[in-house]
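Below are structures written as structure tokens.
Each of the next two complexes has chain A plus one more chain, namely chain B in the first and chain C in the second.
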Partner chain A sequence: MDFGLIAQYLANGILLGTMYALVAVGFTLFFGVLDVIKFSHGDVLMLGTFIGFTAWLGLEAIGIVNPWIQLVGVLLCSLAGTALIGAAIANWLILPLKKAPQLNTLLITLMLGTAIREAVRLFYPNGSNPKAFPALLPDASVEIGSFALRADSVILVISGLALIGALNLVINRTRLGLAIRAVAQDEETARTMGINYTLVVLATFAIGSGVAAFAGIMNGLYYNEINFGMGLILGLIGFSAAIIGGLGNLYGAILGGFLFAGLQVIGAALLPFASAYKDVFAFAVVIALMAWKPTGLIPERSSDRV
Partner chain B sequence: MAGIEIRNLRAAYDKADVLHDVSLDVAPGKITCLLGSNGAGKSTLIRAILGLTPPNAGTIKLEGEDITGLPTHKVIARGIAAIPEGRRMFPKMSVTENLRLGAYQVRDEALIRQRLEKVFTLFPRLAERRDQLAGTMSGGEQAMVSIGRGLMGGPKILLIDEPSLGLSPLYVKENFRIIQGIRDEGITVFLVEQNVRQTLAISDYGYVLSGGKLVAQGAAADLASDEAVHEAYFG
Partner chain C sequence: MTDISLPQSQPSRPWISAAAVIVASGLYSWALLMAEETWQVLSLLVLAVVATGVAIKTGFVRRVERDWAASETRLNRLAFAVLIALILVLSGSHFALLMISTVLLYFVASLGLNIQFGFTGLVNFAGAAFFGAGAYTAAVLGNVLVIPPLLILLAGGLVAMAISLPLLIPIVRTTGHYAAVVTIAFGVLFRTFLEVNEILGGPQGLMVNSMKLFGWDFYNAPSLGNLEISFYLNYALLAAGLAALVFALFRRLERSWIGLHMDAVRLDETAAACFGISVKRTKILAFLLGNVILGVSGALYGMMISFIAPASFTFSDSLLLVSIVLLGGLGSPWGGAIAAAIVVLLPEKLQLLQEYRFLLFSILVMLVLLFRPEGILPRHLRNFFPNRRTDA
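Let's turn to the complex of A and B:
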């Protein structure tokens, strides 16, 4: 295998890994503060991407065509909108079910995800067909031998990693982060310290959902296509990544995201004649990993939860 | 005006720990103790004051203002702090982070630092171990963190729930000495305990709870020699 192909696989893996990590941290944050799995996460991500796409249509319609201004507008609308949706779901669907068995929350969010997906398919104009997402990033590329390094990939990876870094700072260095970790470790004692529990839960869901929307926009900018089903596979991969890493652990989720992307890339490289099987390969390895380490690679006991 | 004034309180937590029509006063600047065996309703009373278990009936007043049913963070904002039963560390946080959480509602960083230093002066052991994860400390050290954390918010009223539970006699003695010191600084203390003799020795006034009802009350010195108190426990 030549250098160019290996570099291509590597660049692709890093980009996918960043994207998956951004989805996985949401699962881990939600599980941290509420001990729930929110299965609608992927579909909320899809909805957020469609909000961004709609914002782009709106900007085009009013004649704002500068791609950088469009990009800022798309990101602002998508992240803020999705953060609000995430907080609303927490407030009206997940917190009220707090005393119910966890299975109920799982079922409710599974159904909510389906409802969101079907609603976009049915009610978004021509929603059942894929949409061409605009290429807002420069399409320049640098040739290194037989490998073409795309400028948009570099920008996406750097901004994605910066977002993960910022999230890490928020969790470990700010007052809100201290409150989120306190709630994750002992809800009742956190309340006794004077922490507004409901507010912290809503903030956590807003942050996790906004971060996932960023992954959705990344996905759109990279593939230049979005569709109503995109959240299903991204959500499943993000969930797997969070589980592999040891649910409840922020670093585990990031590690899990990159590990899953690595598996996909290895699958695609090993099976060049049938790269469509890369997901089968990746999920098969995840199943094997779970059989080997049922509590994830970084078990919660020996590591910081959230 | 009473520090805490509880009237006709009815509350239930965990079914086994029920309060029937309890009325009591916690006098400002004093140590008021609540004695009783397991399941007598002591924890439910603390939870009701903190807003963790809203009462079914009755009122709780703090310095004359009704706080019944307020969410916990608003109760804490009125100047109450708690040292919970079992110490309740945040196990995966450092000693300093645990202490800082006690001052969660304090926005003045200089004041937080000043109080941290005060806690470290009170417990030099914690100063040495300020970066250690609280979950890896001994029970006695965790008790220090828990007491320090209760003081970090600068409370007017401190609720202390069974501080001697699970501690060696030496630490128990030390704990009671520190609680007296807290009272001497002007902080109102409401002390919930099973340890009758040592608790009454440092308290000013006491109540005895049995089966969710108050069965005795009086000046601590009088209660110490009261047969009813011993009946409530051992009868």
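Let's turn to the complex of A and C:
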């Protein structure tokens, strides 16, 4: 195997890993504050990408063609819209079920995901067909031997990593982050310390959903195609990544995201005769990892009380 | 009531109200299956919703449940008889019989999931994968003629169990969401595997040979004079038999010490372990037994629809099975039967809404979870003495 091919696999893996980590971060944030899994995360991501796409159509229609302005507009609309949707879901579907068994929350969000997916398929104009997402980033590329480094992937990876870094700063260095961590540790104590619990939960869901929308836009810009089913598989992968990393831990989610991308790339590279089996390989390793480390690679600290 | 008192004067036939409910349900199912116009279906649905609401408000449901517990054997037999009568009455209609058989097989599958999930608290989001494993087994073995077809059903269950063996270690070691991801990953893995595997037909799927029992090919329609009888009658009757068998097994299991162990493990693993219950053994038993039942129902389903493809065993289908269990009420077999009927019949009967069915259905489940989270017919305390009246 020559250098160019390895570099290509590596670049692809880093891009996928960034994307998966961005999705997984949402799962782990939600689990942190509410101990719930919001399974509609992937479909909210898809909805966010469609909002961004609609914003682009709107900008085209009013005659703004500069790709950078378009990009900013698409990102603003998509992130803001998705953050609102995330907060709305938390407020009307997840908080009311706080006392119910965890399984019910998992199920209601799974159903919500189906509803969002179906709604986009049925009600978005021509929604059942894939849409061509515009290439808003420069498509120049640098040739290094047989390996072509595309400028757009570099920009995507750098901005994705920057977003993860910024999120880390928000969680660890700001008052909002302090409040989120406090609620994650102990809800009742956080309340007695004067933290507005509901507001913190809603803010967390807004942040997590916005980050996922960014991953969705990344996906669209990289593959230049979006469809109504893209959220399901991204959500599944993000969930698996958050779990193998260890729920409730930001670094676990990032580790899990890159690990899953690594597994897919290794699967594709090592099974050249059957690259279609790469997802089978990745999910099989996930199951094996769960058998080895039942609470993830970076486990949350917990003890059983009877 | 804690004090033991002599039974007060009871009506001479306490089971009569429950029997009336069974017969009414049979008539209602007949009407619903025969209804063709949209307005007929809609008015029947409104009737059902109103009747259920009134029955809950007036306490009729609770009374029927109590009467049912008091003479369970008799009423279960009556329900089976009404089911057979319904199948025979509808023997001319392909569509109605296909619907009944599908509902029955989904009901059987939901019983399997209920053992894992309602009793032991093991989440299984790969139900469709084990169901599909049974169907694929039927397809592959059906081409080998030396195997008696009835054994194929059993083989479907055994294969579903065999493919779940590698999952045992992660299932036993993980809990909660971590266990959920194991089965979700397995479900996706299974489906992707079927799609890329060319021996098993790839995305196009496989043909399944029909059931043969004692030399009788189920593809032949039974003939009786010049009555027109659908060949689905065979499958409907066999599915009814299978459902009755698995239902009896389910009830026995619930009443046995194994069922008691399962409930204890679900309610508190640590406490159960303190009382000497092997949590591992209980979970393994529940997981394997549930998957055998899923596999058997899948095998018969595959033979009935005679053509299977990976697209029928996706993550969404697993979700559908889980929704049946949750809609019906965890651990409640009759609730599961009603939920299976709703899940299968509603989209098929409302052709007008065919396009929107997944959307409507997911919204319906969300509403149920928000406003009646315990399910349609919540499970009661286990009834150790099925045919004795309690005044509590």
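Couple of notes before you dig in:
By our rule, the second predicted complex is superposed on the first by the 301 of 306 C-alpha atoms of A that agree within 3 Å, B and C clash if a C-alpha of one lies under 4 Å from a C-alpha of the other, contacts with A are read in each partner's own complex, and residues count from 1 in each chain.
What we mean here is this: a residue touches a chain if its C-beta (ideal position, glycine included) is under 8 Å from a C-beta of that chain, and two chains touch if they have at least 3 such contacts.
Small disclaimer: the values here were computed from a predicted structure and weren't measured.
With chain A as the common reference, the superposed partners chain B and chain C fit together side by side. With both structures placed on the common chain, the touch criterion links A:L178 to chain B but leaves chain C unconnected. Looking at the shared chain after the overlay, A:L93 reaches chain C, while chain B stays out of its contact range.
Within the superposed three-chain model, A:L57 lies out of touch with both chain B and chain C [touch as defined at top]. Put chain B and chain C next to each other and count what each touches on chain A; the higher total goes to C.
When the two structures are aligned on the shared chain, A:F239 is found in touch with chain C, with no touch to chain B. Once the two complexes are overlaid on the shared chain, A:T295 sits against chain C while remaining clear of chain B. Here the apex is the CA centre of chain A, and the angle it makes with the centres of chain B and chain C after alignment on chain A is 90°, in steps of 10. Taking every C-alpha of chain B against every C-alpha of chain C after the fit on chain A, the minimum distance is 19 Å. The interface of chain A with chain B overlaps its interface with chain C at residues 304.
Of all residues in chain A, those touching chain C in their complex are 31, 37, 93, 96-97, 100-104, 106-108, 110-112, 114-115, 118-119, 122, 232, 236, 239-240, 243-244, 247, 274, 276-277, 279-280, 283-284, 286-288, 290-291, 294-296, 304, 306.
Residues of chain C touching chain A in their complex: 123, 166-167, 169-170, 173-178, 180-182, 184-186, 188-189, 192-193, 195-196, 268, 270-271, 274, 315-316, 319, 322-323, 326, 355-356, 358-359, 362-363, 365-366, 369-370, 373. If you check the complex, the residues on chain A that touch chain B are 175, 178-179, 181-182, 185-186, 188-197, 304-305. If you check the complex, the residues on chain B that touch chain A are 50, 52, 71-73, 76-77, 82, 84, 88, 90-93, 97, 100-102, 104-105, 149, 153.
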